[in-house]
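Next up: some structures, all given as structure tokens.
Look for subunit A in each of the two complexes below; its partner is subunit B in the first and subunit C in the second.
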Partner chain A sequence: MITPSVALALRALRLTLRRPQFLIPLFLMPSIFLAVNTGGLSATTRLPGFPETTGFLAFQLAAAMVQSLMLSGLQAGIAVSLEIESGFFDRIVTAPVPRLAIVAGRLMAAAVLGAGQVLFFLIVGVIFGADLAGGVVGALVVVVLGALAGVAFAAIGLAIAFRARQASIVQGLFPFVFAVLYLSSAFFPQELLGPPADTISAFNPLSYIAEGLRAPIAYGMDALPILEGLAMTVAVIVVASLLAVAGLRWRLADAA
Partner chain B sequence: MSHAIVTRGLEKRYPKGGTYAVQGVDLAVDHGEVYGFLGPNGAGKSTMVRLLVTLLRPSAGTAHVAGHDVVKDPAGVRASIGVALQDAAIDPLMTGRELLELQAVLHGLSRRASAPRGALLLERVGLSDAGDKRVGEYSGGMRRRLDLAMALIHEPRVLFLDEPTTGLDPSSRLLLWDEVRRLRDQGTTVFLTTQYLEEADQLADRVGIIAGGQLVAEDTPEALKAQVGHPHVHVVLTNAADRERSLQVASAVGDPRPGVTDHCLDVSVQDGSLELPALVRALDDAGIAVASLDVVRPTLDDVFLQKTGAHLAEEAVA
Partner chain C sequence: MPPDTQSSMPVSAPPAPALPKSGRRPRFVDPAAVLVLVRRGFNEILRVPGASIPGAIAPIIFLVGLTMVFGQATDIPGYGTDSFLAFVLPVALLQSAGFTGGATGVNLGRDIEQGWLDRLLLSPTSRSTILAGLVLSAAARVLIPVPPLLVMAIVLGAPMPSLVGVLIILAVVPIFSAIAATWASVLALKFRSQQASPLIQASILSSILFSTSYAPLELLEPWMRTIAELNPVTYVIEGLRQCFVGEISWTVTWQAFAALGGLGAVFVTLALLGLRRFER
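== the complex of A and B ==
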């Protein structure tokens, strides 16, 4: 189980790195949002109700991270859909590989990629003057949470991909990434959102994941948001992985 | 289990419309045999392969591959087979070597063993020089050869090749045929689907003809062709006026009912190589000038015509 999972994970990572059209948006698009938001909206930190942070850039880093991780999850789904369309999926399925390794391999790759994504934005933040409230330990917590969040979003992507018949269907979910992002506390504190966004944000798992990533960077090593973020990330991993495995079983329902 | 592949009443029926892709197929493929599964597009060849390689679950009947039941022991089947499906689904962004090594690991070889095994297979299919190039730079023939190498990475006992030469140029086709012959010589069982008559004729020890999801004929290529009839000698006469006399000559050589049309004479023979010299001498002795002369042997297309009422080529177009 482990050897084929690792082999499939390495393949997934290799292909991601060789697809600039997949890789660049993961870093470029959130970076643009980060630059625009930080440049134009930094005064919002003076609004009443805005939590005390080490700076608006530090606050916005978590938004860039979850945006990047969500896009990465969507791309994991697109990649699997393309494999199903091209027939490469059949090649894997006709090999004596445990079916779970197909999901596990992708999720392992997502963990590595996720860690790399959040590390990238941490470095960008430090370069542009963000003050990491949690220090090195906080940065390590962010990397671990980022890796787990990468797994969570990839599992969602896989669950969709196994049910969707075409990569274009998965690709069509792109706008929902932004809807979910803006209906969470990723970009702005929940307290400053108007109704009904504030209510939706309170129930949006992404809010907790974003706050878990944000706390060690912008507020300090406050255990509650970190643990809430971790718990929510693990919950999403469990639910989405079960859905992904169910989707895989459904996809292979006609197979022996 | 004394056969490499055995099916009994194998069926695949799709819920939508209830149509049968494969209907009541009984097969018994011997170990070390190249079994050609011949039929036009849509006849059920690929469905049959997908049933045997565990990608589809049968609606009815049983199938055993390398001694393993495809439904009860699909993992056993997968461990014993190599598969090259109709579309050589290969990552264009990976190199041939990377793909072979991945395939090796997926088939249980250690990482250490996969590299030399991959190199060996690359050499065997003539891709050593291209092994480190990305597959996107490969020609169609190179992709097919890599596909074959990937199917062979774990030295499978049974190899499934689904239309392996479709779309290939003649030289690539011949290279692939040589590899299939070599596999047979090494004792690998090969289940080969094709829509090319010549391919089945050249490679297969036995041929099964499938039409409309049903196996309509099965035997060695020679035996199948013998069922259709004997070869005949097709003679084009220089002068149409010699038609009547040529009929008499043909009757004297041994064909009681030779056919004649305009400039052409068709003489049925038991074995063209034996009767041909006698016919030529007899025509020469009678002073009948001949423009050309050919021995025409029955083809698998004639067999297909006899069994289904249509030519294979026409069916393929339809």
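== the complex of A and C ==
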């Protein structure tokens, strides 16, 4: 189980790194929004109720991270549905490879990519003057949480991809990534959001994941948001992985 | 943006007639040929509906989402309005125009991959006709997502623009879409592939956002203010913004059209050079 999972994870990583058109949405788009939000809306830290942070850039880094990780999950879904369309999935299924390795391999690749994504934004943040409140330990916590969040979003992408019949259906979910982001506290403090985002964001798991990533960067090593973020990330991994495995079984039954 | 996996459908085209005996390509724009190319551009909506999604849905999501998230920003003095929706509506309009124009470049990349542009260039059609057909189709297509976007914004509380404001919107948005299509064509001709799609969309989005998109000039960080002052799209956004915030001014209006004229002149020249280079 471990060997084929690692082999499939390495293949997924190689394919992602080989295609810059897949990497641009993961790094360039969130970087553009990070720059624009920071350059255009830094004055909002003056608003009454805005939490005390080490700076607006530090505050926005978590938004860029979850945006990048969510797009990465969508890319994982697109990649799997393209493999289904191209027939590669059928060849893997007929090979002596445990079925669960198909899911596990993708999720392992997502963990590595997720860690790399958050590390990239941490480095960008430090270069442009963000003050990491949690220091080196905080940065390590962010990398671990980022890797886990990468797994969570990839599992969601896989669950959708196994059920969708075309890659274009998964691809069409791109705008909804932003809808989910805007209905969370990823970009702005929950207390300052307008309706209905202020209410919905309290129930949106993404809010807790974003706050978990944000705390060590912008506020300090406050245990509560970090543990809440960790718990929510693990919960999403469990639920989405079960849905992904169920989707895989459905796909196999449908193909039989 | 993710790569457009739907765009690989074959596009049938009648065999193109050969160049005239003189071997010289006509220099002037042929309106009939332009109309045919514009009609083909409209067919893309039916043939590749997925490619229209960014131009239609994304600006609505951005507009509503940004207003929900950053709506309180107008409590900071300097915005000139208490409606963030009204403040960012011009950004959503330009995003719609930009994404629609960008899709034209992505489609051109596909046409290049499939050899359709080669056949078109063999026909007795001037390069300016080909370019005009491409960019005017984008200008016309953007008029489809813009009315629902405007109506939705007004329903959500944006002020109704005056008649002059509507005329400015109906002029600026299609022209910007045509300019975005020209820029997208420059990139498509350079990279000769649909894989230029992320670069096309990212460059157009950046040109819109690195401006006074989210806040007035005085509230921007110094580095962002410098970029916004140098970015011609800032003047286009301000030209549209006056239709919803404050009063319409002749100075702001002509600055917007001057910026559009400058961008158009540069990108049309680059695109025609790109077509010439492509032919060689």
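Throughout what follows, the second predicted complex is superposed on the first by the 253 of 256 C-alpha atoms of A that agree within 3 Å, B and C clash if a C-alpha of one lies under 4 Å from a C-alpha of the other, contacts with A are read in each partner's own complex, and residues count from 1 in each chain.
One rule holds in what follows: contacts are C-beta pairs under 8 Å (C-beta built on N, C-alpha and C of every residue); 3 or more make two chains touch, one makes a residue touch a chain.
Small disclaimer: the values here were computed from a predicted structure and weren't measured.
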Subunit B versus subunit C as contact partner of A:97, first or second or both or neither: first
Touched subunit A residues, subunit B compared with subunit C: C
Partner chain in contact with A:182 - subunit B first, subunit C second, else both or neither: second
First (subunit B), second (subunit C), both or neither touched by A:172: second
Which superposed partner A:47 touches (first subunit B, second subunit C, both, neither): second
Touching partner for A:38 - first (subunit B), second (subunit C), both, neither: second
Residues of subunit A that lie at the interface with subunit B and also at the interface with subunit C: none
Subunit A residues within the subunit B interface of the complex: 3-4, 7-8, 11, 14-15, 18-19, 86-97, 254-256
Residues of subunit A touching subunit C in the complex: 21-22, 24-25, 28-29, 32-33, 35-44, 46-47, 74-75, 78, 82, 167-168, 171-172, 174-176, 178-179, 181-183, 187-188, 192-197
Interface residues, subunit C side, partner subunit A - complex: 1-6, 50, 53-54, 57-58, 61-62, 64-73, 75-76, 195, 197-199, 202, 205-206, 209-210, 213-215, 219-221, 223-224, 227
Footprint of subunit A on subunit B - complex, ascending: 51, 53-58, 70-71, 74-75, 77-79, 81, 83, 85, 87, 89-91, 93-94, 98, 102-103, 105-108, 111, 150
